[in-house]
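Dropping the structures in below, format is structure tokens.
Note that subunit A is present in both complexes that follow, paired respectively with subunit B and with subunit C.
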Partner chain A sequence: MKNNSTTKKVIIAIVGLAAILLPVFSSDPYILHIAIAILIWSMLALGIRIVLVSGHLNIAQASFMGFGAYASGALAMKLGWSFWICLPLAGVIAAILAIIVGLPTLRIKGAYFVIITLGLSEVSRRIWMMWDSLFGGPQGLLGIPPPDAIKLGGLAIMFNSKVHYFYLAFVLFVITVFVMWRFEKSRTGLLLKSFPKADMLAESSGVYIMKYKVAAFALGAFFAGLAGSFWAHYFTYCSPWDFTLMASFYMLMYVVMGGTGSIAGPIVGSAVMLTLDELLRPFKEYMPMILGVILILVLRFMPGGIISIPGLIRDAVMRKE
Partner chain B sequence: MKRVISLISIFAFICAFGLSAGGSAVYAAEKEARFGILTALSGPAAVWGIGNSRGMELGADEINEKGGFKVKGDTYKWKVFVYDHKYIPAEAVKALNKAIFSDKVSYVAIQGGSPSLACMPLLKQNKILALCNAAGGKSVTNPDNPLFFRFNPAIEGAYASAIPYIIKETGCKTVASINPDDETGKGNLVASKYVLGKLGLETITSEFYERGIKDFTSVLTRVISKNPDLIETGMTDPTSQALMLKQARELGYKGAMYLIWGPNPEQVLKICGPELAEGAYLGASPAEPQNDKQREIYERFLKKYPERDWDANYYTHYALFGCLTKAIVESQSFDPFVLADTLETIKWEDAFGPCSFGGEKIFGIKRQMLQYMTLQKVENGKSVVKVISGPIPGILDD
Partner chain C sequence: MHLEIKNIKVHYGKVEAVKGVSVNIEKGTVVSLIGGNGAGKSTILRTLIGLKKPTSGEIWFNGERIDGLPAPQITRKGIGYSMEGRRIFSGLTVHENLEMGAYVIKDKQEIQKRMDEVCALFPILRERFDQKGGTLSGGEQQMLAIARAMMSEPSLILLDEPSLGLAPKIVQELGVLIRDINKMGVSVLLVEQNSKLGLGVADRGYVLEVGEVVLEGDSKELMANDHVKKIYLGV
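For the complex of A and B:
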């Protein structure tokens, strides 16, 4: 058991170090852009997973990302606020929205809750499309300012290269993973895990389960809001077409592909799928078909996701021995 | 164990294929000019995107098969990279990053207003010349974006060339516009109101619908209740335009209908039937070749793709590489700013006739392609060409 834990720590340290050093080995803006996308989509996928752990399927994660992006973009453009104020505020706004939506709806289970998040997804897109003066309508917000420079003594980080954005995304990603990990390991996290199978038992034991469910929902939305804010200022543009239902389905696909059983699953899922997405570009219009087949194969043969491959190999070797 | 190994093998094979296919261009010995097409190959906009990219690729093939083009004594051939942006802005930026930094393209064509807007900062930073099939109005096309050209028929031109004929034939005075509720639809409505107003038509109602829906009954019921003399279908995709016509007739609408954006006449007749299609105006060229150039493009298409995929839109997209190559050869330069200046002044031939860039009156800069437009009308179960018109003075330029 101890050996297993040490191996995990070593793997995390190696992957972390490799990620930190990525810009040193490759300054190719394309590679860095994909790396940034993996970090941001991992944050979003982790948000979906934490709600999934409590027994709810949220397909409005892209909407929370969108609210973060639009809130941050609009505050920076209309009021001239600094990105460093808009960033946490975007997370808070998305979390407040999740609390408002979650309080009355998280009591509902199964397909009904999925339909509610589907509704939220459509309503939010409509708001962005129709509110031209604030959100730019169907064209979206153009000219969102990049993050202000960080001044550390004589050193100024200007955010004029992808390397700076990569490190900012990396910091946000690490914070997300750390908070999710602590949350899951806490008493709240342990209680959450019991809800899908025994929520009534928990409730009859005096646990106010709504409090925990709303907390998980708000936490996932908070990090989606942060991701949205980063995305808007990185692209200097945001449009309703980036935060559609389809985007939420992609996030969900990354969670399922990677594996829902652990925090590493959505991260691995995002990394593998986004990399495959690039590698499969030469297949042009056949690419979605191939990705679909891969998804079916993984779900059929690895219900635990890609993250379960080492375990499957180990089991097979042990059986042979 | 076996199934795990099989799955890993599949992943490895796909990765290896992807890497080898992507990398082949890098080691090519020939001198090449690199061009990236960013379009929707999947999702709802793929209806247009696949045809757009194939049309452009066929145009590049023709130039390459004829030996390429010469710049300062060296012969160059086109190397075309096609990327799927799914009509999602973030995906377009991802694809553009690959195009610029990995595949080292110097010129691009982007489909769609939102993807183009999202790509704009990266295009500007890297001084990439873009010949796009995009709406987005003045947000995209303006003097601050001198390297951005609209290589698609002008919205204003399409209305200006057809409406005078329709007014003359039907005596219509009022119009209703139906558009998808995206940036192309909203941009189209602004353009149509401007042109239709100039031509003496009053837009009495405008409706938006969710792109992708196929049942237009509720939208059409609202429109028909206003009793317009003419219904125009705005930036609706070709199949949906035909469905709109059918459903409007089924609802009892007897007035004129103008299906403006490239509906395939054969498809319109198939979907509506000759009876319901009768009298409809179609802003499209005949799919059957009408001249030698069109015949050449059609035959080239058949060598590569099945006939069922063919439509007249291929003629327009085919011309892109001819236009850009002409600018490069005339200027003897690959510099994007030199090429932009050259494109502003040159004239070239596409399958319909002479083309140029204009649109200064609307956009403040000559960046809108001007080409000949065709209006057809369904008469006695057949589509008949009624008008072939060049740019109308006073609309896009004085």
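For the complex of A and C:
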């Protein structure tokens, strides 16, 4: 057990270090862009997972990202607010929205929550499409300002190269992972995991389970909002077509591919799938089909996801012996 | 009166599972509800703890009306509930399970004190402290389920079919244990299909058939009753 956790720490340290040093090895904007996408998509996938753990499926994660992106973009463009104020606000707005949606729907067992999030995906897209004056209609918001420069003593971070964005994404990612990890290890997290099988037991132990379910949903939405805000200011552009139901499905797929059992799952899933996506770019039209087949294979042969591969190999070796 | 159930009716959809049942529990006594499958015993417990709402009738606990309140609130009033089918948090360790049982207690020292008291009742759990709940044997899981319900320091504990699927020897131990819990001043409402255990350990008993109380009284008298003897004790 102890050995296991030291190995884990070493792996986390190595991967973390490699990530931090990535821009030193490669200043290729293409590579950096993929790395940024992996970090941001991991944040979104982690948000889906924390709700999944409590026994609910959220397929509107892209909408929460979108609300973050639009809120941040609109505030920055219409009111001229700084990115550094818009970023946390985007998270808070997405979280409040999740609380409003979650309070009536997480109460009910069954498919209702999924259906509501499905509806939310469509409704939110319509809102962005129709509300020309605020959200720019079908063409979206163009010309969202990049983050203001940060001056640290003599050093100024201007956000004029992908390296700067990479480090910003990395910081956001680390905050997400840290918060998710603390949340999961806390009493709240333990409780949350028990809900799918033992919600009545928890209730009769005196737990107001709704409070925890809504908290998990809001937490996931908060980080989706942050991710959205980052995305909007990074591209200086956002449109209704960026935050569709399909985008949510992709995020969900990263979670399932990576494995739902641990925090590392969605991160590994996002990294592997986004890399694969780039490698298979020549076959772009066939991508959904290829991914579909991979998903079926993963679910059939390793329901624990990519992250369970070392364990599966270990088991196979032990069985041979 | 510690607990008074006044003529409650409970429905599942259109089906009336409990058809106007009244049960009284004096402070510090053990009361059993016995009866076969579908008699409505478990439904009564679920309604008591607030997982199910009665369609009519009243429930009074310590002079306070509690029917219709949500489960977490009822737990806080001092009712412990050990669910049917040895329901425990199987992914959590014995220790964590007990901690969850003490969820309503905020003071850490108080929880520790409670943990020691409960483990004195269930020495086997102390040995299994860091083991996952799901890896325990059936009997141990049942002990854990009861211990968990005891952790919140209830003045009344509801036990739903604790003997289900347990070896006869362990069922005997269970009887002793229920008595021990009662000696700590806790009232017990026991639901049992094993009528021998149910009536053997109780002060008073109620016999339920298809959602209605058909017999009630002192448990010794009930055991001497011809109907009970024939149908429930198989003598």
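The rule we apply is simple: the second predicted complex is superposed on the first by the 320 of 321 C-alpha atoms of A that agree within 3 Å, B and C clash if a C-alpha of one lies under 4 Å from a C-alpha of the other, contacts with A are read in each partner's own complex, and residues count from 1 in each chain.
Everything below uses one rule, namely that a contact is a pair of C-beta atoms (placed from the backbone, for glycine too) under 8 Å apart; a residue touches a chain by one contact, two chains touch by 3 or more.
As the structure is a computational prediction, the values presented were derived from the model and not from experiment.
Model built by superposing both complexes on subunit A: subunit B and subunit C fit together without a clash.
By the touch criterion stated above, A:Gly206 is placed in contact with subunit C alone, subunit B being left untouched.
In the superposition on chain A, contact of A:Lys284 is made with subunit B only, not with subunit C.
Of the two partner chains placed by the overlay, only subunit C lies in contact with A:Ala198; subunit B stays clear of it.
When subunit A is checked against subunit B and against subunit C, the one touching more of its residues turns out to be B. The overlay of the two complexes leaves subunit B and subunit C separated by a minimum Cα distance of 27 Å. Note for the complex: subunit B touches subunit A at residues 1, 3-4, 7-8, 10-11, 14-15, 17-19, 21-22, 41-43, 46, 50, 82-84, 87-90, 93-95, 97-98, 100-102, 113-114, 117-118, 120-121, 136, 139, 181-183, 185-186. Residues of subunit A that touch subunit B in their complex: 28-30, 33-34, 37, 129, 137-140, 142, 231, 235-239, 241-242, 244, 246-247, 276, 278-285, 287-288, 290, 294, 297-298, 301-302, 309, 312-313, 316-317, 319-320. Taken in their complex, subunit C has these residues touching subunit A: 49-51, 70-72, 75-76, 81, 83, 87-92, 96, 99-101, 103-104, 148, 152. For subunit A in complex with subunit C, the touching residues are 187, 190-191, 193-194, 197-198, 200-208.
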